[in-house]
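There are two complexes below, and they share chain A, which is joined by chain B in the first and by chain C in the second.
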Partner chain A sequence: MESAVWIILLPLLTAFFLGIFKLYSDKLFYSLVIVSMVIYLYLLILVINDSYPPKVYSIGNWGLLGINLMVDSFSAMFLLIIAILFITVIIFSLNYIKVNKHKFIILTYVMIAGIAGMVLTADLFNLYVFLEVSSMSSYALTAIKKTDKSIESSFKYLIMSTFGSFFILLATILTYYLTGTLNMAEISLEFKSVPFMIKSTIMFFFIFGYGIKIGLVPLHAWMPDSYEASPIPYNVLSSGLVMKSAIYALIRLLYVIFGVEFLTESGILNIGVFWGVLTFIIAHTLAYQQSNLNRLLGYSSIAQIGYITIGLFLGNEKGLIGGSFHILNHGIMKGTLFLVLGIFYYSLKADEIEDIQGLGYKFPVLSFTFVVAALAIVGLPPFNGFISKWLIIEAAIEAGFFYAAFFILVGTFLSLTYYLKVIIKLYTKTEKKTLIEKPDLSLKLPTFFLGSLCILFGIVPSLPLSLINNIPKFLLNNSEYIRILLGG
Partner chain B sequence: MSRVHKIFRKFYKIGLVLFLAIFLLFIFDEIQNLDIKRYLSEHYISEGVQETGAINLVTSVLYDYRGFDTLGEATVILTAAATLSFMTPIKKVKMLGTEFTIIIYQTIIIIIPFLVVLGMNLIFFGHISPGGGFVGGVILAMIPILVTINYGITFSENKLKPNHKSLLEGIGAIGFILLGLLGIFAGSNFLASGQANFGLGNPGELISAGLIPYLNLMIGIKVGAGLAAIFNSLIKEG
Partner chain C sequence: MELPYVVVIILFYLGIYTIIMNKNLIKIVVGVNIVESSLILLLILISFKLGGTAPILDRKYELVVDPIPQALALTAIVIGGSLIAVMLALVIKIYKRYGTLNVDEIRKLRG
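Let's turn to the complex of A and B:
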C-alpha cells in the first residue's frame, strides 16, 4: 500500500518544487504541473482500485505508536472526486487565471494534499493538521485576487473558520486527555468507558467546529461572500472538496469514534436530520433572492450540503449510500455550473443574472451543458442528482423521517424556481451587442467532461455505486473498521 | 431605549461567556476524577530513547513517532505566509519612521553572530538537548527581522532577497520529504529512521538518532525562511 502515502506526498512535493521553479523558468513550471497531474491521476486510480478490502499504511513503520493511513471505500470515493475535479480544474485554470497564476496553482496543489491527508488519515491529530493545511490554503485562494472585496471575504472566512478549528482542536485535546491515544480505533475502544455527559460535550465541540467548515445554516455566513470574491475555478474545488472534506471528517469521527449506538442514544441523528432540513429550506429561499450567480450557486451549495447531511445522519445503510453518492454528484454538478459560469465571466465578465441574458444563443453547447447540470442539481431524471436524491428520500422514509422526505420534495420545487429563473434568462433574446472573447478548447473541454459525467452517472449509476455500496460496511459497523486498523 | 439595548447586549455577552466557562469547569472537573490510561505517553517516556536514539523526548515524538504531523505543520507555515501576503491590502501607508541612536545600530551588529550561533546550536543539538528545528528556525528568523526593524525594509530585502527566502523555504520542505523517502528506499515505510535500520548511534552523541538531526536542520531552514517572509510581508504594507 505504498501508493497511499504518495497520494499525499506527490502534491506536496510538486507544490514545493513549483515554488522553486516559478523563480526561474515558466517552461519547467508548466511541464511539471502537467507531468505531476498525470502521475497523480494514475496513482489515484491505483489506490481507488485497491480500496476494498481496506488497507492500512503505517508511517514510519511505528504501528499503533505512530500515525496510520487507511484507505477504505469512503475515502476511495473522495479520491475519485479529487481525481475528477482536480484534473479538470487545473486544466481549466491554466488558461483562465490571469492574476497570481503561479501561486494559484501552487496553493491548489497544497490544498489537494491537505484534503487527501484528511481523507486518508486514521489519526485524530493528523486529521486536524491536514484540516488546517486545507483551510489555510483556502483562505489564501479566496484572497488571491487581492481586491478589497476578496480580502474582506477572506478575512471573514479566516475568522469564522479559525473559530471552528478552535473547537475541533479543543475536542481533539480532550479526547487525547481522556483516552491517552490518538489512533481512531483505540479511541473508539476507550470511549466505551467514558461517561455519557463528557462524550456528548466532545461530540458537540466536533459538530460545532466542523459545522462552520461545512457551512450549515446558521454557521454559513462566510461562504457566499467568499464565492463571490474568489476565482471561479477555486469555487469548484471549494464546493466540491473543501466543504465535503469537512463533512467527511465529521461523519468519519461520529460513526467510527462514537459509534452508531451512541449516536442514536444521544439523539444527535434526529438533530442532524432536522438541521439538514433547516439548512436547505433557508438556503433555497436565500438563493432565490440573489442577483449574483456566484452567490446563487454558493447558497445552492449550502442547500445541497443540507441534503447530504440528512442522508448521512439517517443512520441506515441506504442513507449513507445516498448521502455519499450525493457528495460525488454535487461535486460534479456544481463543478459544471461553476465552470460554465467561469467561461461566461472569462468571455464577457458576466456574473450577474442580468448579464447572461441571451447567451443561450451565443454559446449554444455551453448553455445546454449549464441547463443539464442545473436540471441535475434540481433533481430531475435522467440525471445523476435525481438518483442520489431518490436514495436519500427512500432512506428517510425507511428510517421514519417522513417530514424530511416531504421537505426534500418541497426543496426540489424551491430550487427549480431559481434555476428556472436563470435558464429562462439564458434563453431570452436581447438586442444588446456585446464584445465576446472567444473561449478556447482548454476551457471548454473540462466543462464538457464534467457535464457529460452528469448524464453518464445518471444513466449508468452502477459505475460509482459499485464503489459506494461498500461504504456503510465500515461506518455503520465500526468494529470492522477498528479490527482492520488495529490488525495492521 | 438604545442605552438599555446596549447594556443588555453587554450583559448578554458576559453572560454567555460565564455560562460557557462554568459549563466547561464542570466538564473538566468531571474529567479530572476519571481514571485514565496513558500507555502511549508512558511508552514514549520509557522506550523513546532506545527506539529513536534521541535524548530529547519532544524531538523524538516530533520527528520520529509523529514526523508526518511535523511535515503538515511546516506546510501550514508556508501557506500562512502566502495567506498573509494576499491579505495585506495594496494600499501603502507610510511607516512610522523610527530613528535609533548609534548605540542600537552598533549593538545589532554585535548581536547577530551570537544569534547565528544560538540558532544553529538549537537546531544541530535538537536531539540531545532542549531545542529543535522549530525553535532554532525562529531564532534564525530574528536576524532578518532585526535588520528590517533597524535598517528598513529596502536594506533588508537587498541583503536577503524575497526570492532567496522562498527558495530556502522550498529546499527545507523538499529536503524533509526526500529524507522521509529514504525510509521507503531502505525497504521500510515513509519517514522511518530507526525502523529502517539507519544507525541510531549512541544516544547523546551529535551524530546519532538516525534521520532526526537532518530533519531538524530542514525544519530549521524552512521555519526560519518562512517566518522572515511572513514578517516582511506584514511590515511592507503596514
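Let's turn to the complex of A and C:
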C-alpha cells in the first residue's frame, strides 16, 4: 500500500542524499543514481500493475482530512511515460552532460518527484505545490548551461510560468472559499450548487494558468527559447513530462471537478477544440521557418500539444483514448528525435539544419532512427504516431467536429514538409566532416531503445492501449472517481 | 468587510500591471512579489472571523478561525520566497553578463 507514497518520496530522498554524496566521492554518487533508478523502476511497475481498479492511498490514516493519493488508469499511463523517459534520460546524461553534471542529475530527481506528485495527488493544493516543485527545478535546469541564452530564456520562462501559477493559485483559493475543502471528490460534490458564472470564472483562471504551462499558442512564447538554450536531455523531459504533466493536471481538474456536463454546457469543449486547431496550425507554420533544429522540434512539440488538446477536449471516449495515447507516443517520438540530435551535437556540435548535412552516411543507424521517429511524428503508418492521430480524427468525426478532422490532415502535410526538409538535408552528400568526439554505447543505447518503442507501439498498439482503454471510465463519468475517492 | 477584498484586488492588478508594463528586471521581480502578497492576503482573509481565536480543541472557545488557509498561506509564502530567490539569482547573472537591467537591451533570443 505504501508503494505509491514512495514514488514521490524516493526521488526526493535520493536528490537529498546525492547532494551530500557529491561532496565526498564520485563513485558513491553514481552508484546511488543507478541503485535508486532501478528501485524506482520496480516501484513504478508495481503501481502501474496495480492501477485497475483504481486505488486510494491515504497518508497517515487521516481519511478525507488528510492527503490522499489516487492511482487510476490515467495516472498509471503517465507513470509509464515517467518510467520510460526517466530511465533513458538518466543513462543518456551520465555521459552526455559536461557542465554541472551533478547538479543536473540532482535537479532531474527533484523534478521527477514533483511530476510524480502532480500525477498521483487527489488534493487541489498539493497539486499546486507539486506543480511549483517541478517548475522550479525546470527553471534551474533551463539555466544550467550558464550561457547568455540559457539564462535569458530561463528568466523569460520563469516570468511567464509564474504568471500562470498566480492564476492557478487564485483559482485554488477561490475554490476553497466556495467549497471549504481541497479534496477533489468533495469539491466536485459541492460544486453542483455553485452558480454557473462563478464556476466559469474559476474554470477560466485554471485554463489560462495551465495554458501558459502547456504552451497553447498565444501563450507559448517561452517554449522555443527554452528548448534552444537548455541541454538536450532536459528537452526530452520538458517535452515529454513537464508540458504533459500540466495538461494532465488541467484535464484531471476539468473532468473530475467540473464534470463533463458542465464542460458541454459552458461550451469550453468547442473552444478547446478550436484552440487546439489554432495551436498546431500556427506552430507548424512557425516550425517551417526555423533554422535551428532545437527550435524546430520545440515548435513541433507545441503543435503536437495542439493535437492532444483536440483529443482530450472532444469529450467522448475515443477522443480521450486517442489524446492520452498521443501523450505517450509524443513523449517517445520527441525523445528519440532529441536524443539523436543530442548525439549529433555531442560528436559534431551540430544544431543548425545546415550542420547535419551528410550525417546520414556517417551515422547510418542513428539517422535511420531519426527518420523513423520523424515519420512517426508526422503520422505515417506503421508507426505509433499514426494510430493515435487516427484515433483523434475518428473521435473528431464522431463528435461532429469535421473541421478539426480536416485540419489535422492539413497539419500532417505541413509537418511532413519541414520534417522532409530535415531528412533530405541529412542524406545530402557533402565533404567529410571530422568528429570531435565519438559517441559511445551509453549514448546510443537509450536512443535505440526509444526508437524501437516507436515501431513496437505502432505494430502492437494493444500493448499500451490495454492500459489506456480504461481511462475514459473515470474521466467521462466523474461519479465513479468520486465514489472510489470518498469510499477509500 | 468589503474593504479588505478591494485592497486584495487592487494589489493583484497592481502587481500584474507592474510585471507587464515595466522594462526593469528588478521592478518585474517586485511586481511578482506584490501579486504573491495579494494572494497570501486573500488566503488569510477568507479564514478570518471577527473575534475568533486559534483553532484549539477546547469547549471554552466557540468561535475559531479556519486553520487550513493559514497552513496554505505558510506554504504559499515558502514557495513565493524560493521563487523570488531563483528570480533574483537569475537577475544577478543577467546583470553580470549584459551590464544592464533593461529588458529591451538584453534580447539575444527572438520570440
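Convention: the second predicted complex is superposed on the first by the 484 of 488 C-alpha atoms of A that agree within 3 Å, B and C clash if a C-alpha of one lies under 4 Å from a C-alpha of the other, contacts with A are read in each partner's own complex, and residues count from 1 in each chain.
One rule holds for everything that comes next: contacts are C-beta pairs under 8 Å (C-beta built on N, C-alpha and C of every residue); 3 or more make two chains touch, one makes a residue touch a chain.
As the structure is a computational prediction, the values presented were derived from the model and not from experiment.
Undergrad: Please determine whether it is chain B or chain C that touches the greater number of chain A residues.
TA: The partner making contact with more of chain A's residues is B.
Undergrad: Which partner does A:221 reach: the first (chain B), the second (chain C), both, or neither?
TA: Second partner only.
Undergrad: Could you say whether A:162 touches chain B, chain C, both of them, or neither, answering first, second, both or neither?
TA: The second partner, chain C, only.
Undergrad: Considering only the touch criterion stated at the top, classify A:179 as touching first (chain B), second (chain C), both, or neither.
TA: A:179: touches chain B, not chain C.
Undergrad: Between chain B (first) and chain C (second), which, if any, makes contact with A:117: first, second, both or neither?
TA: first
Undergrad: After lining up the shared chain so the two structures overlap, which partner does A:397 touch, if you call chain B first and chain C second: first, second, both or neither?
TA: It touches nothing on chain B or chain C.
Undergrad: First (chain B), second (chain C), both or neither: which does A:229 touch?
TA: So A:229 only meets chain C here.
Undergrad: Should A:348 be classified as contacting the first partner (chain B), the second (chain C), both, or neither?
TA: A:348 sits against neither chain B nor chain C.
Undergrad: Please work out whether A:195 is in contact with chain B alone, chain C alone, both, or neither, and reply first, second, both or neither.
TA: Touch partner of A:195: chain B, not chain C.
Undergrad: If we overlay the two complexes on their shared chain A, which of chain B and chain C does A:151 touch? Say first, second, both or neither.
TA: It touches chain B and chain C both.
Undergrad: Report, in rising order, the residues of chain A that make contact with chain B in one complex and with chain C in the other.
TA: Residues common to the chain A contacts of chain C and of chain B are 125, 129, 132, 136, 139-140, 143, 146, 148, 151, 154-155, 158, 177, 180, 182, listed in rising order.
Undergrad: Give the list of chain B residues in touch with chain A in this complex.
TA: 27, 30-31, 34, 36-41, 43-44, 64-69, 71-73, 75-76, 78-80, 82-83, 86-87, 89-90, 163, 166-167, 169-171, 173-174, 177, 180-181, 183-184, 188-193, 195-196
Undergrad: Please output the residues of chain A touching chain C within their complex, sorted ascending.
TA: 125, 129, 132, 136, 139-140, 143, 146, 148-149, 151-156, 158-159, 162-163, 166, 169-170, 173, 176-177, 180, 182, 221, 225, 228-229
Undergrad: What residues on chain A touch chain B, complex-wise?
TA: Per the stated touch rule, the residues are 2, 5, 9, 12-13, 16-17, 19-20, 23, 57-62, 65-67, 100, 103, 106-107, 110, 113-114, 117, 125-126, 129-130, 132-133, 136-137, 139-140, 143-144, 146, 148, 151, 154-155, 158, 174, 177-182, 190, 194-195, 197-198, 201.
Undergrad: Enumerate the contact residues on chain C facing chain A in the complex.
TA: Those residues of chain C that touch chain A are 12, 16, 19, 25, 28, 32, 35-36, 39, 42-43, 46, 66, 68-69, 72, 75-76, 79, 82-83, 86-87, 90-91, 93-94, 97-98, 106-109, 111.
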